[in-house]
């Protein structure tokens, strides 16, 4: 996603599955919109793990990835106990930012699309270059 | 906020104050990015209340406002126990959607900007026209 | 768990695995204590699913299970990205309440113990008898 | 609250007001039970602030208060947008633990009662004595 809306060729792609939790849903009976960025973060974490990395280890070395941009388009509601499939794509990786896009499905039905930009910070919250291991493309 | 990034003249504006809660913060020691849409929703709720309306009463009459677009730009972190000031602006109100923009401050420091689009739904989740009382401009 | 602290023979038992999410953790770097009841609820949901039931279907028939008692003893912190094992035990099932106990482990290390009592409500929030399908023992 | 259920004379008492947020409510239309410990924590924070202390400053000096016991009895549901009154009482303060009790009201109606025990930890998560400033009674 993004202002230009074209689909870029991803550097990497990952599929996660998620089960909608009861307290993630609101009185409308559907997943609250603030839950989606939490799911997107799980997609990023699992994509990094699948490639042999680990975000917790990264933080232990003083590398913090902070979300500086979030965009979500909500197409159809997700309901309690739905099993969802999240596609996470890495679009840009370095030298100073990381961009991902997300598509959330229930079966073949597209529920939401999103995008994030991450900046790399040191332990004191100052911008720093991405570690070599995360730079791609 | 939005694709064109110009500042539009708001139909209405509201100021809320918020205190950052401990569980809203993450291991980086700052408010997690998924908390901001929850704050924006409080801004909308309080703005409607200040104008004599009430979202709970609205739902009781079968009118549901669903977020279909969310955008956030995070400029600086909010920290635990910070007292924040949220400016909510109503940009578009009707006949089929509502647009708000948000700016979050700590003192005079801009921490984040955001925007949402709401669609009006009936009890069964189908699109419906906004009730007259919400159409402005 | 409970006031008498003896271990009762469970009517049923279930094992779930959980991965600690980033926003479930707080500035101390550990899972916030309010996250545990959310995990316990997942344990109940998965235990019901494993026995062929489904909480969402139950709600669709007008049966709601409300937590009326919650107790947790926190022994050791859970950390971001930890893989946890949750043992859920059904202790009492009917005619008017359901009691579960919980033990949360990381490997063989006991992190927390808990207990809940659920009451059965109808669509209007009034107490009602448990449906036959849920009464055991 | 507690196993003996007698009401002890509190060392200190504090009143907070809370507004129930939309995403704190679940598909039953009531505040989810995992929200209550978050409210209790706000009660503790505001009680400390009212007495001239500050939990954030405490953490900055290496003093962390970890919840080791949580108990809640839920009497009646809290609903979206309800304004609630929380009474927080300090029952025990030192030398190694802090105990609070909580009562949550909507008007004069008691919605829930709770209790917590906090242990004092250093930056590495080891038990330490409470700082003098927190020991009372």
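Observations, loosely collected:
As written, the chain order gives the labels A, B, C and D, with residue 1 at the start of each chain.
Everything that follows uses one rule, which is that a residue touches a chain if its C-beta (ideal position, glycine included) is under 8 Å from a C-beta of that chain, and two chains touch if they have at least 3 such contacts.
These numbers were taken from a predicted model, which means no experiment stands behind them.
Of the two interfaces, C-D and A-C, the higher number of touching C-beta pairs belongs to C-D.
The most distant chain from chain C is B, comparing centres defined as mean Cα coordinates. The geometric centre of chain B is 34 Å away from that of chain C, both derived from CA atoms. Separating the CA-averaged centres of chain C and chain D is a span of 22 Å. Spacing of chain A relative to chain C, judged by their CA centroids, is 29 angstrom. Contacts with at least two other chains are made by residues 22-23, 27, 34, 38, 41, 80 of chain A. Interface residues of chain D, counted against chain B in their complex, comprise 21-23, 38, 41-42, 45, 54-56, 79-81. Taken together, the chain A residues at the contact with chain B in this complex read 3, 27-28, 30, 33-35, 37-38, 41, 59, 64, 66-75, 77, 125. Residue ranges of chain A in contact with chain D, taken from their complex: 22-23, 25-27, 29, 32, 34, 80.
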